[in-house]
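These are the structures, in structure tokens.
Each of the two complexes below includes subunit A, the first together with subunit B, the second together with subunit C.
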Partner chain A sequence: MVLSNKKIAVLSGKGGTGKTLVSVNLAASAKDAVYIDCDVEEPNGHLFLKPKDIESEPISIKIPSVDKSLCDGCRKCVDFCKFNALAYIYNRLIVFEEVCHSCGGCALFCPKNALSEKEKTIGEVQKGVSENVSVITGILNTGEASGTPIIKKLMNEASTLKEPTFIDCPPGSACIVMDSIKDADYCVLVAEPTLFGVHNLNMVYELVKLFNKPHGVILNKCLESENPAEKFCIEKGIKILGKIPFDNQLGILNSNAKVAVRENEEYKDIFSTLLQKITKEVLV
Partner chain B sequence: MKQLLILSGKGGTGKTTIASAFIKLSEAKAFADCDVDAPNLHLIMSQSQDYKRTDYFGLPKANINTDLCIQCDQCRQNCRFDAINVDNFYTVSDHACEGCGVCEVICPEGAISLKPAVAGDLMLYIDNAVFSTAKLRMGSGTSGMLVTEVKKQMKSYAVDTELAIIDGSPGIGCPVIASLSGVDMVLIVAEPSISGINDMERIINTAEKFKTKTAVCINKYDTNIENTEKIMAYCHRLNLPFIGKIPFDKKAVEAINNGLSIVDIDCIAGNETKKVFEATLNLLSED
Partner chain C sequence: MKIAIPVDDKSILTSVCMSFGRTPYFLIYDTESKESVFLDNSAVASQGGAGIKAAQTIVDNKVSVLLTPRCGQNAAEVLKAANIEIYKTMNDCIKDNINAFIEGKLTMLKEIHAGFHNHGAK
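This part shows the complex of A and B:
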């Protein structure tokens, strides 16, 4: 059984639940795989996989640029811009680049053709290789408001791939997450055994239901004590793919940015079993 | 009223755990949860069950009147967000539409108008304290604007208090930028892992842009002493006040699962958090 060109999205309602741990180790457990880090604000997968031969490509958006000699100060563009990214002050048009959504409207509607668009780099996509895994990472520059253009680029890339692809999604359930799961064949939800964990799991669960995506849950950091997230899955009839125990050894490997399955037989078993389980789910 | 914002660069570091402990310790009369994508603070702040709920209107979304549409395709060609779908009719996908208004202006038939759309819920709890929180509806963008509303709502209700505590949102994007504006101090909760250090550096860069007073503490510091030392050295190099280390504590998980904050029970994590709290107050009162 092989996953070939299937896309597995790994989600969690919040950061810190082990989303990167799961997606990195699943990718490392597969024969050949692609790991895509869509958590563009905090891309951390590359810290674990330490890819080599990195090529990077800047990602830019279009923002307006004004030709002062043509602008007559009619303020049509200022009135049009829904995001208040333009102001006409002291006989000068000012663009607030951070809030511009690059809709292109101002340039389109300027009666004097005084506005044109220029490229502004907001981040980059890096590609490299780590043993059996091709690593593709999206990185948003600090201070930029939206990573959506980078995720769109990553997802276009993903649509051309032949290998099974593991998508490390941004945390939460906002629009940026939707962009990263839109084309996924299967969603893996990672949950922590706490009350917060349940609350966060519920959010991504609502999201995958909305998108009608087949899905299952991996319970992470499991302790001996009662697991509210497990209870939630049983009550809602959500498939539990497996459990990852909380243990110090894994914690240390993880906090030192080591790929657990490459260091330790026990984790190799845990993640191969999870991968087989997911493969079965995806291929039915 | 001074505003303290708690940030972590990433969820899961225990930011909300620490925020709730600080709220208890300071008996804060005003506090807010700015993590509008995944608010959690209400789960452990034992406020009363009633709150005032208001619709949050984000940007309006485009709507096509199919009776007027002549299928000229202008709107689809000019929408930068691929939000116009063509089936039998031209329609707008609510998830993708950013409400920019380009299609409305470009449509030759006046078939498109922007309609207000509810993008989230604002909640305000008022009993002996004011607690402002909100939840963005699924798939609504622009969480930054909602964060601004949450802070505004907190301040809309005048209370006599010296300290307001704001649980920030994870990440470095627009909601964080919105939560940073106007606060007096940022406390960064870092985690002693390689990725935690990476996240911390990014959030410090962001806070620097706002010239906000910033201090750092570490949660679960004993899970990796080496990285804890790295963080401390990093802070030292940047001249950032480092104000404490909180150990990993299974009792903390139990407290949260029982809807309590970690200073409500007797545990090491709670005791260390108290020290971090005092150091924070000292810094906050310095000018």
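This part shows the complex of A and C:
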């Protein structure tokens, strides 16, 4: 069984649960694969995969620019902008670039054609290769309001790929997570064995149900003791794909930025088994 | 000279509002006529940029001075462009603050915060 061009999104309710561990190692376990880092505010999959031959492409959005000689202060743009990105003070139009959502409405509404759109770079997309894995990383510049334009670019890239693709989603269940899972064929939810972990798992579980996505859970950081996240999955009838133990060895590999399956036979087995299970689920 | 203060209700007995951009009302006090006018803050339920819109209202009402407990970056930029001075309120009482300002006892607001941007004020 081969996954071919399927897209697997990996998500969790909060950062630090193990999305990057899971998506990086699943990609490394596959024969040929693509790893896409959609956690654009803090992409760190590349730290493990250390891709080579990196090509980068800047990503920009459109923001309004004023021609002062044409603006007669009618304020149609100010009144139109629902995000209040424009203010008209002392015969001068002020644009707040970081508040602007790039809808272009102000330029359309301007009766004097005083507003045009200019490009503003907000980040970049980097592409490289790490052994069998093509690595695509979205990076949002610090201080920029929204990573959505970068996620959209990443998802456009993903739609053309022929290899199985593992999407490392941003934490939580906000808009950019929705953009990241919209075209996914399957969602892998990662959960921690705590009550807090159950709360976070529930957030993303509600999200994948809303999007009607087939899904399963990987229980991470598992100990011998009781696992509230496992209990939650059993109660709700959510498929458990597998368990990753909480152990020192993995912790050390992780903190040394190593890909576990490339270093350790035990983890190679764990992740190949997980990959097989996911493949089965996706191809059903 | 007109003074603006963000306030919680349409009464001189109400308190100073902790938020400039999201305050429900503004009190505009005219030091010459000693008249008080209450304005609705149309920015209170904005999806974003409330400080910018609230500051635009203050500018449009030809205010010279704003008394507020705090002010965000974007609002401060609008107010600065209109040469409106920002003074820090000393307590929650509107009358105390107006009197203190007239007597020259209020200090300029120096700490402009980066804005809460929908993350809520404490």
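The criterion applied here is as follows: the second predicted complex is superposed on the first by the 284 of 284 C-alpha atoms of A that agree within 3 Å, B and C clash if a C-alpha of one lies under 4 Å from a C-alpha of the other, contacts with A are read in each partner's own complex, and residues count from 1 in each chain.
By our rule, a contact is a pair of C-beta atoms (placed from the backbone, for glycine too) under 8 Å apart; a residue touches a chain by one contact, two chains touch by 3 or more.
Being a predicted model, the structure only gives us computed values, none of them experimental.
Asks: Can A:F96 be said to touch subunit B (first), subunit C (second), both, or neither?
Replies: In the superposition, A:F96 touches subunit C alone.
Asks: Let me test your reading of the model: by the given contact rule, A:K82 touches which partner, first (subunit B), second (subunit C), both or neither?
Replies: both
Asks: So, does A:F196 touch the first partner subunit B, the second partner subunit C, both, or neither?
Replies: first
Asks: With both structures placed on chain A, which of the two partners, subunit B or subunit C, ends up touching more residues of subunit A?
Replies: B
Asks: Thinking of the overlay built on chain A, is A:E41 touched by subunit B (first), by subunit C (second), by both, or by neither?
Replies: After superposing on A, A:E41 lies in contact with subunit B but is clear of subunit C.
Asks: In the overlaid three-chain picture, which partner chain does A:I240 touch, first (subunit B) or second (subunit C), both, or neither?
Replies: Neither subunit B nor subunit C is touched by A:I240.
Asks: Just to be sure I follow: which residues of subunit A are touched by subunit B in one complex and then by subunit C in the other one?
Replies: 82-83, 101
Asks: For subunit A, which residues are in contact with subunit B within the complex?
Replies: 13-17, 20, 41-42, 44, 47-48, 80, 82-83, 98, 101-105, 108-109, 140, 142-147, 170-176, 178, 192-196, 199-200, 203, 206-207, 210, 223, 225-226, 228, 248, 251-252, 254-257
Asks: Quick check on the complex: what are the subunit B residues that touch subunit A?
Replies: 9-13, 16, 37-38, 40, 43-44, 59, 78, 80-81, 95, 98-102, 105-106, 136, 138-141, 143-144, 170-174, 177, 191-196, 198-199, 202, 205-206, 209, 223-224, 226-227, 250, 253-254, 256-257, 259
Asks: Across the complex, what residues on subunit C touch subunit A?
Replies: Contact set of subunit C toward subunit A: 43, 46-50, 52-53, 55-56, 59, 74, 77-78, 81-82.
Asks: Looking at the complex, which residues from subunit A come into contact with subunit C?
Replies: My answer: residues 78, 81-90, 92, 94, 96, 99, 101.
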